[in-house]
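One chain, chain A, appears in both complexes that follow, with chain B as partner in the first and chain C in the second.
Moving on, here comes the complex of A and B:
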């Protein structure tokens, strides 16, 4: 990270600055048009009013935000979304770390195969992923049959439409991002550090807590944020694998937008979602910089 | 009284290849022993077996008379100084040096004075609060040295600790290690492919080739009485010629059976007339200026010879010269 920062500072003369902006201009314009304008439109919409017989009427009101932040149902939705995202992020990061740590120690063909497996979830669409898990979790699904076949269960088990299924599905989708974030940091660590730690008398467990974890905590924090942010915004997976009671912000936006045709309220929920995600990202950034002193 | 380190018939295989081939080795208390050999000769593997970073396939390893070949690295009383230094980047110099003491359960109150004393010994006392990224390669290796020495292990292992440094730093750190060995008196097994390093540091050198120790002895023994061709050619510069009936050269004593003659370039000189016991007529092929001296390359009987001369040779390439040497300086090995 230090290297990139150093490189960016090199040759920052007045001429290179203007040239840099010039070169960046197309990309910035693209982002402004594709992301900036809709976001501004969304924010504007969130201050409008919802008439009983239409989608919105122009206004400047805080009514929608008051609803989102005081209505118990809305608050429960926010709470549930944050909770599911935190649980998913924790599981995803743990799983990714274990898998990345394993891949880190491999060479040659096996490593390539493992990397391909890790990329798997990114190669299929979210819908295919959902269909796959829907065939895995129900009482007539693969999981149920395997458990009976191996003798681990006596009766058929249904996990479809449970929080577990939702969390598994969400973790599966966000796993590749976390995995590659963590693996890239592991790849930058000299394996001799672990050998040296053992050599100096540390057991593998102490080596993990004293060397490996401190060196990867930055990566784990950004992987966690990634998974959290990703999960916060996902709507289909939670809906298709989770129970009806799993009412997430994504689902609520959809419901307000399409069923109740309350565009201003849907926009306000969306803005709150964006704000939560932004805060999470900023907090992770801040934590990393605070902890990363001295050895970044 | 048993040796500090004792290896008996130690074998390590990787797949079909034998990395370490039934090695026997004993290192005494306070001794500085170097494993010297080309890359792939098994010297680093031997070191890893001693340190517990690899498991032998056969044989036993004892430290102070206790078998350790079934113990993991963290339960052996050895500490390694790695080629990369392997300092923990998230810890300061002081924390790095304290690491081994903490892991070995040394009382907290004793740690800080020991760390301070050891950093003073390696002349890094002013760097306690620095992180590894804020130091040069040579400084990092000094800290790595302190980190290993501070726990006072039975044996210090060195895995080519200077090969990543530039020449000047290497020579400086080399004399530093020599000084520390004299002052502290640790027992060391040092791995290197650099013969000058081995010569300068070691009480004894074990020359390794193809997984075996081919000769073990003091630096002087190794250099002056090499037991075979490999040692002769690996340690120090050398020239060689096949000697048979057809060879055109003047020898005071001609060997009876076909032999190969080995000579050190430092023993060769240009001679006039018959002013030497032994000489050969050679055609000069090239003269290099090496700064302060000239290296003369020549060819005789289809073999290449070279030697250094402080004065610029008057004869240029393609002239035929006489190169002479003393009988005592010649070494013969049977033609293999």
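Moving on, here comes the complex of A and C:
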């Protein structure tokens, strides 16, 4: 009968506390075993050595980190990954903001349809996105055909294996996350502020830049971080749509792991990738807090 | 000034239309090419037929991959629910350490698939369970996918347990129901929408994921997206579009079934 009290008054008494931990234990243990331990093992692996005939030998060396952080090819890989992620994040946030601002002003059925369309890319596998764009960009793809058909181009055009194609594909994947982050903040804004600005004689463009943009700055910053962090980890889209020169950290990890079978170096690159992502997230949080204090 | 406002509105409308087209393009192209009659992928489409669907169904490699995907996704959804339902139930009632535990459980969502893939691969791939190697097993892939499914499920489930009217559960207890009975008889039916959506999200996450699966599967256990990725450069026939169409179609079909269930259960 004491069991009843457990359910009825969870949140009081020592028994209920142990029940709560009992319910949380499986999930926490799972994360510890499948996430925590392997991640620790990955860090350990990054200090091992790679023999010519195998995957790794136990060692404590900084050789792999020195390679990742000083080898010009590895540095170029890091630079390329950061560059393409920054470009993608900037374009995705701008596009998502304009689209979210439009959806914000809609009502009823049109709004529902637009929300469903914005949600779409989230439900489609990255591989389907890649395949779709790979049938759009090449010289006998839909883009080239439509341009010739409409008379906008005289010859076949190939945009596959260009940075444009890579950014188009990468944006597609992170757009829904940015869009919903921004829309949720827009939904919290009092529309009367915009009306008031218009009534006081400000042009729509002025209202946009002087009222709306300052109100949504925080949302844009967090959407930017989200898109950046997200894109840093993607390599399939970049590799399948972008040029060969667009060598990302993720692709280098796959190459070292599966083709070169250099597990220690692959692990070291993975650790550096996680560190960059963590730093970006922490920096965004620090900026938010600093701004918050400034206002208070 | 009116003109400036009008231009602004029209620019915005035009841009919104572009975004809509942008979202539709890869899906539309895939759907069109899947029904192409041609030997290679090219535009304009010269004829339509279900020929490449036939080729897909005849090829044991594609069918096995689709079957693997389904098994891994079902396993992921099951494991994710077994872990996330009790955890979210406890979290929704917790006060102490709540944010800390939430952050801990959400953490894997922020780690790229490629990092999770190799760490699970080298960390757990060498182990054996009951004499069978863990590496290459559908179970290990499902475990890796569950790392993303659990945090997603928790974000859906936690609010749904939080808004649950607790006095109803208390009433069940006062009337003599055991905690388990109270959970299955009262809590579960009241939160079933949240639970079904969380299960669907877990299933879809696993169906679509292929980077972790690429590092953790062998030829025998590779999933549909993995096989698609591996044949991306070697195959140029519309069968790629068919496989991609079937993958995306199965996700939308699962969602449609979920939605119909929701609509029917609301009417009752």
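Points worth noting:
Throughout what follows, the second predicted complex is superposed on the first by the 261 of 296 C-alpha atoms of A that agree within 3 Å, B and C clash if a C-alpha of one lies under 4 Å from a C-alpha of the other, contacts with A are read in each partner's own complex, and residues count from 1 in each chain.
We take it that contacts are C-beta pairs under 8 Å (C-beta built on N, C-alpha and C of every residue); 3 or more make two chains touch, one makes a residue touch a chain.
Bear in mind that the values here come from a model prediction, so they are computed numbers and not experimental data.
Contact with chain C, but none with chain B, is seen for A:99 once the two complexes are overlaid on the shared chain.
In the superposition on chain A, A:214 makes contact with chain B only, not with chain C.
Judged by the touch definition given at the top, the superposed model places A:203 against both chain B and chain C.
When the shared chain is aligned, chain C comes close enough to touch A:34, but chain B does not. By the touch criterion defined above, A:73 lies against neither chain B nor chain C after alignment on the C-alpha atoms of chain A. In the overlay built on the shared chain, the residue A:193 is in contact with chain B alone; chain C does not reach it. For chain A, the partner with contacts to more residues, out of chain B and chain C, is C.
Of the two partner chains, chain C is the only one touched by A:232; chain B is not. The intersection of chain A residues touching chain B with those touching chain C, taken from the two complexes, comprises 203-204.
Against chain A, in their complex, chain C makes its touches with residues 1, 4-5, 8-9, 12-13, 15-16, 19-20, 22-27, 29-30, 33, 41-44, 79, 82-84, 86-87, 89-91, 93-95, 101, 104-105, 107-108, 110-116, 118-124, 143-144, 146-147, 150, 154, 169-170, 173-174, 176-179, 182-183, 204, 207-211, 214-215, 225, 228-229, 232, 240-241, 244, 247-248, 251-252, 255.
Listing the residues of chain B that touch chain A in their complex gives 51-53, 72-74, 78-80, 82, 84, 86, 88-90, 92, 99-100, 103-104, 131-133, 147-148, 151.
Interface of chain A with chain C (complex): residues 3-11, 19-21, 23-24, 26-28, 30-31, 34-35, 37-42, 45, 95, 98-99, 101-103, 114, 117-118, 120-121, 123-136, 140-142, 144-145, 149, 168, 172, 175, 203-205, 208, 229, 232-236, 240, 250, 253-254, 257-258, 263, 266-267, 270, 273-274, 277, 281.
Of all residues in chain A, only 2, 190, 192-193, 195-204, 206, 210-211, 214-215, 294-295 touch chain B in the complex they form.
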